[in-house]
Amino acid sequence: MDPMMRLILAQGMLGLNNGVFYAMLSLGLAIIFGLLNVVNFAHGALYMTGAFVALILYSYFGIWIGMSWLHIGFWPALVLAPIIVGCFGMLMERYMLRWLYGLDPIYSLLLTFGVTLVLQGLFINFFNASGTPYPGQPESLRGVVNLGFMMFPKYRLFVIVFSIVVCLAVWFVIERTRIGAMLRAGTENPELVKAFGINVPLMITLTFGFGSGLAGLAGVLAAPIYSVSPLMGADLIIIIFAVVVIGGMGSIMGAVATGIALGLIEGVTKVFYAPAANTVIFFLMVVVLLVRPAGLFGRTR
Amino acid sequence: MTDIILETRDLQISFGGFLAVKNVNLKIARGTIHAIIGPNGAGKTTVFNLLTKFHAPTAGRILFNGTDITSWKPAEIANHGIVRSFQISAVFPHLTAMENVRLALQRRLGVSYHFWRSKKVLESLDQEAVARLDQVGLKDFAHLRAVELPYGRKRALEIATTLALEPELMLLDEPTQGMGTEDVGSVTDLIRKVSKGRTIIMVEHNLGVVSKLADTITVLNRGEVLAEGPYEVVSKNQAVMEAYMGVSAEEAEA
Amino acid sequence: GISNGVVKIGVLGDMSGVYSTGFSGPGAVAAVKMAVRDFGGKVLGKPIEVISADHQNKADVASSIARKWIDEDHVDMIADLTNSAVALAVQKLASDKHVITMTTGAATSALTGKACTKYGIHYGYDTHALPVGTATAIVKNGGKSWYFITADYAFGHALQNNTAQVVKALGGKVVGASDVPLGSNDFSSYLLQAQASGAQVIGLANAGQDTVNAIKQAHEFGIVQGGQQLAGMLVLISDVKSLGTNVAKGLQFTSAWYWNQDAASRKWMKEYEKFSNGAAPTFPHAADYSLTMAYLKAIKAAGTDNADAVRAELGKMKIDDFFAKGGQIRQDGLLVHDMYLLKVQQPKDGPWDVAKVVRTIPGKDAYFTLAKGGCPLVKS
Amino acid sequence: MSQTMEQTTAAAAAPLLHIRDLHAWYGESHILHGIDLELAEGQLITLLGRNGAGRTTTLRAIMGMVDRRTGSIQIRGQEFIAKPAHRIAPLGGIGYCPEERGIFASLTVGENLMLPPAVGEGGMSLEEIFEMFPNLREVRNRMGTRLSGGEQQMLALARILRTGARLLLLDEITEGLAPVIVKAMGTAIRKLKERGYTIVLVEQNFRFAAPLADRHYIIEHGTVIDRIEAAEVGASMDRLNHYLSV
Amino acid sequence: MNVTTHSEIAEFDALSGPAGQTRGRVLQAVFWVLLIGFVLLAPTMLYPVFVMQLLCFALFACAFNLLIGFTGLLSFGHAAFFGGAAYITGHALTAWGVPPIPGILLGAAFSAALGYVVGALAIRRQGIYFAMITLALAQIVYFFALQLPFTGGENGLQGIPRGHLFGLIDLNQTLNMYYFVAAVFLVGFLIIYRIIHSPFGQVLQAIRENEPRALSLGYNTDRYKLIAFVLSATLAGVAGSTKSIVFQFASLTDAHWQMSGEVILMTLLGGLGTIFGPVVGAFIVVALQQFLSAIGSWVQVVIGATFIACVLLFRRGVVGELARWLKVGSL
């Protein structure tokens, strides 16, 4: 194979790897935005929290409870961390955001920004600003797979497949189940859904929890790849915002597709002009804004 | 032949495939009050939005004094004498009544972009602003902020502000909506008073008001013109009775 | 005499970022405090005080702290200054205000080269000294073509340049480089670029967690198995520890000091571990201790904490302790002393015995000469 | 517990729905200016009036879908004025069919049908519903908005019948429907009445409403200006025409 | 169509009758005296560099407030103007030897141009999208600050010479520098005060309160918003330029999104849409950072918690709450 082609494919794989994270995060953001009209700035911080929960479960929890031999590993963390982060999200919705409904959505953006700072600050204090490696990567996912054009770590392959499955599952839940139907109906006409006797406030809380949980899940998946650091969500959230502006908040699938596509574009950009890779998304955003102000999949609200 | 101030030709707009206004042809005669009625969701407000360029029509043309204004911007329309009010009271809540009116007068001075000048230059307009307020009976409230005015007075303020632009053509969207009976009366009188020398297009549900004020009525239904004419004619129209009142032919005869 | 009746040493380091575990951080503060204790807590009858702050690896944060320390708190000497951008900024600012800085964590050779100042001292190692050991050994072993993965700021670029010089001088060549932001957590795409370049050696012109991440991910992507060699240009034993000796096997790196190099060092290591509740020191920590001692001795010898007098005394002193062998602070502010080429080994003497000394590099070979450095002060 | 007993006994005597001096606002617009009405179990009343008179708003105020409301709304003796919107339907056993039908565009017909949770015992089964509205059976998997107006209206009605609600608030269910479907709706409403449902019907189509209703309320400008029993309709035709005519 | 889009930022429901207006005037006078008194006397009581920092941030916050408080636009990318101008001024002074005042003007001109581009793009979308777009565009600026050769990347621009004012007054003297900064601040503050109280300011307020209505009165609202954006960006640039001279430093911190967040906090804390609020807010935040620096990275936690408290408990901010409490219209 032509070495250039090889490199493009290889960077594309890494881009896909990033893309599934973008997809999962913008998915959660879109779900929350759809129902609550809240742009959750803390989404990146929740992602980071998810990664830390995994790290704590593995490396610290045992010590805290005086059983230093205890390491709660990756698989349990994959379940526990989203639940913990989801619960945190629900508390946040229930005790903070709820007071801001009906006000300009800018306030909820600012509130979640504040939450972001607090979470970041706390984790910096307890774990310092640099990354801590996550040692709990499961044995079964160690090693590489030969893709023909590159050696690709098994774990990353797992992340790509798993995330796509999660996105599809979320899509399925939202598009094909009764709960999803309630959510969609609530997005369209919350008043009427309330009039049917559905506890919309509770539904909102649970949805927020679910969206947050997705961020937490992405965090756990990221932990073994990137070292776990308090700032890991900070730069990501801005990229996710750009993804959202490009894709529009229109559809669940739109969020996922845009996320993955942008990851790929970013990856391939690395081949040609690496320094621009971090910014190519923002340039794309400008172009999309000029051509389609409502975003690719957006409807104006 | 009457003098036509505003004309629409096959005006049409669709929202994501839904035709909210279809093939509407209006001819508004200068100096008249023209009412648009129709069931909720018939497209009345949307027609207003089209006329004042808050929406761009998907098809059709709008002519104002014979000029094609279809592609103009909202601000331009206003500057050429077409001014609208809104279905829900539209004032600047934290400005005083006087400042509200003054904002409409201010454009005349041509200083609106002057960010380096003191707003004292605007004081030359105060007298006229108060006079305008007087016209709608708000003189005594000139220094209250709009948010503190009762609902009916806010509508009056809105009309005063609109008038201050000396519009050739005024568009009023449900001017009496949400008012007590007394207020309805006074606003009706007010509209009659200010209609002298200008053209008014209004949307109104209150047929009492419409019958008292309107020279011509257009009935919209599902985005289409159902009937048009003076009150006496329209109110006898069979289609209108059915669509608007839901009274069927036999019943009307009965 | 002593200004304000107290000698104040400010430890301005990275207390929470990428360099807080190996180079700087609480470990550096501990080393300085231990030196003060060992000196007796007083100099010329006046108390010695140590204050510290976190510069967050931001040069602007560092300079405003330094400015305040000097203006308001009357700090006499600023130590540590890990992070080259920080060190360059603070050294200039402090010298303008006649305050001595003794940089140790930062590596760029510009500190005593173009950017040298009257009161700035660079103590421990620099980007010139590092590749002399490591790169020479690798090129001589056949690693002729290099690709750099470089931390994108003063330090990384200096290290890359200095290394490239060594490589070229020995007949090797540089085929490319990727600049990576400090504290990046994903090196995979840069590693792939490096792999695609076909270079024999991937030189890591970075430090701390960055180096660790890069090496780890290179293993993850099978790059080492693919036949390319990794060369960490600045590696601490704590990095080797966190990589594990399996991943780090065969790695050679240059260090200013190794705790197991002689009896004095082993003894100091024990003391330090006791003083800091079991934390093991890295070579910058040892340097922090050594420079504090040197500074206090200079005050004692000068009989004052006046910067000019102390600086002059420091230049005259022979620096020869467990850390610096045959050391001398030159006019440009550089401490010249012996360096060591280490090679990773399976631990023998306890968990921290992760390497052995392969070669001692005499100070005069490791560091540039006064003339070559380009320090404007040196002309006369 | 004795209190609940009292309430139940009281409810038997009192009307099922009893509204007194109901005011409602959208934002600052004061839309309802004191509505009074009542109806007993099994009765059907209509709210008549011109466009914009406030009939829809009356129903929305009952459902808690206005920005502010005052006065009293009692259902089976229980006060609802302060209840949050999502508690009203289950507590009162109410089914609400909104003016614009409220079919959710992003849901299929089946999902629309299954969306409202049960609010009481004895809701109709799907079988019964498809028997009543055979058209719906064929379009089950279509998206909600791809239905004809008539089908949408049937769906809107059908989905609240599924919930077991016994008090139905129906807003202009014949609006924009072909005569044949209007007829079908009429049959459906009659059947419901026979089954003992209590119904509030907002209608423009007096001909449709007249034969079904026990009583008519005329609303204008947010208040009830007249009330005509079914038996008096013939005698009051002039009055009615006056209220309703253009 | 929903036309009730006026933003609820700084929603005063306090009554301000004629009594309230006189009280308001008196109070404004008090604030003016306090402010000018503080600016003149501060260096005798406080560390001058600290006060200079305060003033730079106060000006930055006031410039930002012009946009959010008086136009209703939340920009989440104002650091781009602050930091961008700092770099330009720093470069002009260092590389071209430009004197301080032309240097600041250059920085401001750059910010104005940048503000025009960013503003023109961002006003294509409203509300929350506006915020996200400004944030993303600021990220591009950050990227350039990191990549362009003259900015010094992560090192920043160091050792910017303070130079001499009119070739005479040596700004390396702390007090000279101080009074120069004080003058820049006061001039900037006066300009903002004037803009707010100009015919243009009236239109801005109208747009903030009810944009469709302003449009129907014939105001080209997009144009006004854009001009306001450019003005705000320019003044933010002046603040950034001045800060770069004070600290002799231009760095990525100045252009980072966290800086955009901080300026929002200052403004919110002091009171959106108030005249003196941003100054008070800036003082509180800078002082907090200064005095809390002893507890290290807890600063961020405290700042974040302040943010939350502010949004939940006193959205009007310190000065806004004070105005409401004293029942005066605006301060």
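Quick notes on this structure:
Here the chain labels run A, B, C, D and E in written order, and each chain numbers its own residues starting at 1.
Here, contacts are C-beta pairs under 8 Å (C-beta built on N, C-alpha and C of every residue); 3 or more make two chains touch, one makes a residue touch a chain.
Computed from a predicted model, the values in this text were never measured in an experiment.
Chains that touch both chain D and chain E are the following: A, B. Farthest chain from chain B (centres taken as the mean of C-alpha atoms): C.
Averaging Cα coordinates per chain places chain A and chain E 32 Å apart.
Work out the mean CA point of chain C and of chain D, and you get 80 Å between them. If you average the CA atoms of chain C and of chain E, the two centres end up 40 Å from each other.
Measuring from the averaged C-alpha position of chain B to that of chain C gives a distance of 76 Å. In chain E, the residues touching two or more other chains are 4, 296-297.
Touching two or more other chains at once are residues 88 of chain B.
Contacts with at least two other chains are made by residues 124, 129, 275 of chain A. Here the touching chains pair up as A-C, A-D, A-E, B-D, B-E, C-E. By the touch criterion stated above, chain C contacts chain A in their complex at residues 15-21, 25, 56, 178-179, 183, 185-186, 188-190, 192-193, 196, 208-209, 212-213, 216, 220-223, 225-226, 242. By the touch criterion stated above, chain D contacts chain B in their complex at residues 26-31, 33, 50-53, 56, 99-100, 174-176, 203-208, 221, 237, 244-246. Here chain A touches chain C in the complex through residues 3, 6-7, 10-11, 14, 124, 128-131, 133, 144, 150-153, 155, 225-227, 229, 231-232, 267, 270-271, 274-275, 277, going by the rule given at the top. Put simply, chain B touches chain E in their complex at residues 45-46, 49, 52, 54, 73-79, 83-88, 90-95, 99, 102-104, 106-107, 109, 111-119, 121-122, 143, 145, 147-148, 161, 165.
Considering their complex, residues 47, 49-50, 53, 146, 153-156, 158-159, 247-249, 251-254, 293, 296-297 of chain E touch chain C.
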